[in-house]
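Please go over the structures that come below.
First subunit A sits with subunit B, and in the next complex the same chain sits with subunit C.
And now, the complex of A and B:
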């Protein structure tokens, strides 16, 4: 008998587990190594990846891009009007979340929100007329991201809406976001009834000017230290903004009171902010975009600088590949649904808010926010594990954003598209879930993943660029 | 040869480790069980304890007391003036933290704070005259706890100071605390210079009436849900109150703006609160006292209803043993000292704020506040371990105060003096550290423990009561 077979078997099993099961069932010992081939066995993507791994031009580009990402110092400098402030925005243009998409392909909540925006702008006098106008081709639609902006969920920004203006003090680049409307029936979830339009009008005529008066008094608000503090207070600054919003109120309230604004407007403004735990979200998003825009545009960089969804497509952009989007179908989120709703009711993943994960907070910083599992599902251990898993696909740890529960390690920051394809570990995203019909609103929240196909396309394109 | 000795030795070693060392050094195997005798070998306390374990009268009393403790609903009902509000306070009386103590035995910061209070009251015109007056016997000194109140650090409350008034909606009992002065040179750390007295005057003439106007507009503020929310935002609501203070501002600011108070006073009040992360501490303490007072006075109960320190003595009171204090020397805290200071500079453990741990928050809820280890020392794992250890000496888990990092388990709540003596596990306390000289202020913070001797005395007294 072969002496190899007479000794007790001790086997190292790499990949598919059933081989190890067979050995164990015969009394042998099998140590299992969890492994799958790169790009989930996609041979073309694997070959592209092989060309990029440890490529000196990419490593150098990523080092440069990462330095710009973590060096960024986004600060809130004021509030403007979208049509006068956003670069390149037209007079009859409406911006939306995610990669480009035509009216006919848009999901229900996005169409609903656009109808609301048309009514808000006074371009139509009824929802039916607004819908006809939207479908007529006379309104220009474009991603927020093409005009320096980001918006949560449907992400609708129309010309007369107020926008936060953020500047990266380290790079001079500016970004923008709309103002948060609170929960319930709101435009960003596709609602467009009278109370939604009324609130948007109040935000334009009272909230925005009052905040602007406070900001004029206060001067620029550094957002990175505020976000860092919120991470120490149980926020991940994407789906939990309770602490960040409170910290913003603490900063703004004294300035508002000294701004000379009308006392009733100040009271209404503070009350609105105090009742809107997500109020800071739009600032967090614009701050993250300011950091990532600073890092975008380094030739050959494989740093992911955008992840965004329009409710139909999930799109990413990569630092060394210009304005090109790499898209795949947006997943429907298997999350925690509010009573009476289920996955079948849900729009697919929606919103620009995945910019937070792209910048290393949100789902990447879930270790900071164990209480969020009551909202998005899972356990405190899952929250820690999500953060730890993201270290395998990121270029570094952002020491400006530390995680107390991980003994103040920095958040995993800067997604490398190569690492996503190589490991098969998909970026984790905490997200709200919209009803697929317009006007219903939020029906749940959950943890989802960016689709691999976006990253394999990007890696393939980068391999072609390196070769070319 | 004895067959027992010819086989390899396999020994179970209980307690003192050096026996196991001897066996291990001879090649034997010893499994070590960490055990110490109850009451650290104090035979009398051990005998007393034996009489109390599983005693039906004590078990029934504790069940009743615990129900009252967790059923309490402390709410902030307004602000009063100490001399007109606190039960039993005299015209020339000054209240202090911890168990009773005479002027001559008081620590430096407490004497310094009393001198400040005398100046604030206008009972003397210089620090020297104030000291002479304090030593003359013409001022009455008494624990805050004897007059329904609690105060952090020196805990000084004099008749014209404003006090928070808290009512337990479930039991009707009321408690009080002074208002937090912020950090730096403050009375509670023994400072008594002109700026300290000036700030106290401003608090009396501007802060307190403005807050009272806001509270009158707002109505009672439920403190338990606010504290529960703060525990989900990284506070342990003793040495971290950043979230709780923010939440209070969010609640109060709109009411203040509608209160009719002068706009400049409102601005100054909000600014003061926004700049005082510990502002909520005094409310947290009074809320905890309201819960514990509700549970106090059940005959035969071994529930600890007070832990408090005066900088010389550490004292506890027990639910079934009336107003009696059980005291032992207060420890000096081996904590994190600010640059330039060390343990040799520190006053011994000081303040009524251990009422928070007595009620199951503070050090008992450290699992909620991993970021606090930067302030009190240790790691995030230590913070979790401290909370878990406290489950061994408490009567239950308070499901009103849940801990996200422990998958929303309730905080360990309701210290049983018997369990402390039996296990030798001492209640953990997060605390600030005062300089031993008056007027210097805070020089550090740390994690300390209640002295065992307080609990052995209480257990011995309870055994006598049960016997009698």
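And now, the complex of A and C:
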């Protein structure tokens, strides 16, 4: 028999708020829900979502996926060469950020960066010839994500570039990222002039071998505790990496000095890292991917395991839906622009770095980074609110990453595509903004949101998968 | 006249809040018409119907849209500014109790409150079925206050609920009382031994109030929604309600309230009633009393009768007959020749329906926009003829306007117009108190009743304004306070809807 009449009444109130007042005034218990139309009013998606709420298969799958996500222990194991290290990469292949995209549709910075990579590889002798080669179809383009890798902004990785190698000690899976070039005229913003190519060559011939020598001396670097410590030092490990980079230098410097590498190379390496606040970003991203890859592939899971942008499309992948991308137009970021630039100059949202938010840091850990609150409204309270809002769309809190400003609560972690559609709360992403013309570089930074359409498509696909 | 619109992007407010806001704005000087809505396609269409088409606006379903029309741009702008200020003001509950992080979905609320056992859903109808589905999947019973839910969805929800041992009250369930707690539009009543299962919200309000006023009390009042006893749904919730009350220790007598159901549904419901092991009082509103048979079944002729039978049975007495007892005296001056018709202006659809059945039996032809006899449907609900009873809560009146239990403008205008009609002898009004109703109905009605009577007297006539208050002294509006104010304005108050209809019939019947 239904125990409704014999148990004390406890009401969840969806809709007219005054009904909750009446219930409370007569001694009942009522919990208000701050409701808005699910899927931002898309009724069909809302109904598909409703049928997936508390679905036993999905709940079980998510529990399993979430356990793998938080159990992952990413550690830096060394530096390799992309063409020899990345799974499935071809000899004439260039990897890029975000979901798949053909050359003709790529944004300016991505095309510029690809031209730079072709010049760097020596496949063409001039920018014009490189462009023609890229358009000829003789170069294979593929997302970094399809080859175990991530890259910030244009995310360009070509075969002879050095890559960080990260291993999840808990699951054995490996991920990779390119090395950060610093700010200004850099490949990831589409610059491809001589100084850019020269720096890439130096990174390949000096920086990478020196770091590898240091790492060989040091042994694996556990990244999770390093990131957790950086969160306590004012980084959110996406748009601010000053603390994490310092911590990395602190770990590496003694090993580098004992590595036997040439002292001039060690000096140049430390100098380069010290001058590159975002040096750790690429490691943060690969570490996040290592955690999320571990959680990917549990059938029926609605856990979001990828969010990435190619400057044209925003794409997500979901743990229980294989390699499928669910895409929507990438938004242009309404952020803070450097003097002389405005939103009209900006490329649409770009880069694989939203992997950090997917793993529950970056914008989700905004509460950790009061120094950059100008991006989210200007006050520390806004930063806390951003983090708290994300708890409505995540499966749990990651106690490995705690937030002092929230009494050491864990970061909201593990986006459930169902919850995004249900609440209409879109994942917040801290991001840099690239100029839409290749090579100009970063012109601002700010906060953007993942488009709802990606999540409604994923939920609809999941509904079909559960039915089938 | 000038019109202006204002859009508040990505701002959601529930429809009742918006209706209240519209009503406040409409009362401002120089404002002719105003409507605040979420800019869904359906609402935009309603605005157009109400003559408030905003033209091409960049507003979607997540945006709050206000359209105002008034005598000049200063008045319209002032009204829109007032709206913005009102919207910006945090509600007491939102600012105080809730704090910054209310749950944003049923799922997260369920995690926060593991003891929750019912979801009260009052979202716009197009989203309500999805919320109810979520609630059921989360193991919650549902009261679906929302209307405009597809019948297919209702059937699917109720079957799912039944399979999971849960109950869906509604859709379009206005009233319920569970364990003494009012849900939706309900009255504050004493707890006691009488359980109600009602397909009609106002019918349930009438019975629970009368039970209270007779000194007894209510164990639970379960609402089924108006479509539950249709062939398609088959009375799933009413049968569940009967069984739940049968198993409930506190309930000694069960009252069933519905318009006459489809015959096969009636059979299923009455079978459950006969087998429930407790006395059951059945009021199929307006139906012939001989349609119900069974040892433990007691037929009630009216809602009033149902309450009296239930109280007698609960107190171990013999059930009284359908006679409505002493009616209040009518002390009025002489009416003019030709004054012979009754005009009823109801905010409760069930009250209108019951009165139509009674007046039809007493006086013959009764016209209505929601008639008992489909041949007596008014061509134009805005124009009365002969004996006419109007349900002002009907969709034709509420589209784009607040419900008449909240907003008295429509009824007050109509009241003055009916009083102008030289053929009218009596006007009947229902006054509904309780949670969700207007905070002070008498303050709205009394001045208009006085004005109507004064107008009529100046023309050398007299008119009876008859009615009843559906409420209790425990209601927020206070029964005595409301009744006294209405009596002072010259309204003749009976105890119930049935009594008011009987009194109006006797006034008009004596003048044929």
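FYI, the second predicted complex is superposed on the first by the 430 of 468 C-alpha atoms of A that agree within 3 Å, B and C clash if a C-alpha of one lies under 4 Å from a C-alpha of the other, contacts with A are read in each partner's own complex, and residues count from 1 in each chain.
To be clear about the criterion, a residue touches a chain if its C-beta (ideal position, glycine included) is under 8 Å from a C-beta of that chain, and two chains touch if they have at least 3 such contacts.
Values in this document were obtained by computation on a predicted structure and should not be read as measured data.
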- In the superposed arrangement, which partner chain does A:49 touch: subunit B (first), subunit C (second), both, or neither? second
- Message: Once chain A of both complexes is superposed, is A:10 in touch with subunit B (first), subunit C (second), both, or neither?
- Response: second
- Message: A:234 in the overlay: touching subunit B, subunit C, both, or neither? Say first, second, both or neither.
- Response: first
- Item | In the superposition, subunit B vs subunit C on subunit A residues touched | C
- Message: Going by the contact rule set out at the top, does A:247 touch subunit B (first), subunit C (second), both, or neither?
- Response: first
- Query: If you stack the two complexes on chain A, which partner ends up touching A:32: first (subunit B), second (subunit C), both, or neither?
  - Reply: second
- Note on the structure: subunit A contacts subunit C in the complex at 1-23, 25-38, 40-41, 43, 46-47, 49-51, 53-55, 385, 388, 391-392, 419, 422-425
- Query: So in the complex, which bits of subunit C are touching subunit A?
  - Reply: 12, 14-17, 38, 40, 60-62, 91, 93-94, 97-98, 100-110, 112-113, 115-124, 126-127, 129-131, 133-135, 137-141, 145-146, 165-167, 178-184, 186, 188, 219-220, 240, 243-245, 247-249, 435-436
- Complex interface listing, subunit B residues touching subunit A: 229, 232-235, 242-243, 246-247, 249-251, 253-254, 257-258, 263, 266-267, 270-271, 274, 370-371, 373-374, 379-381, 404-408
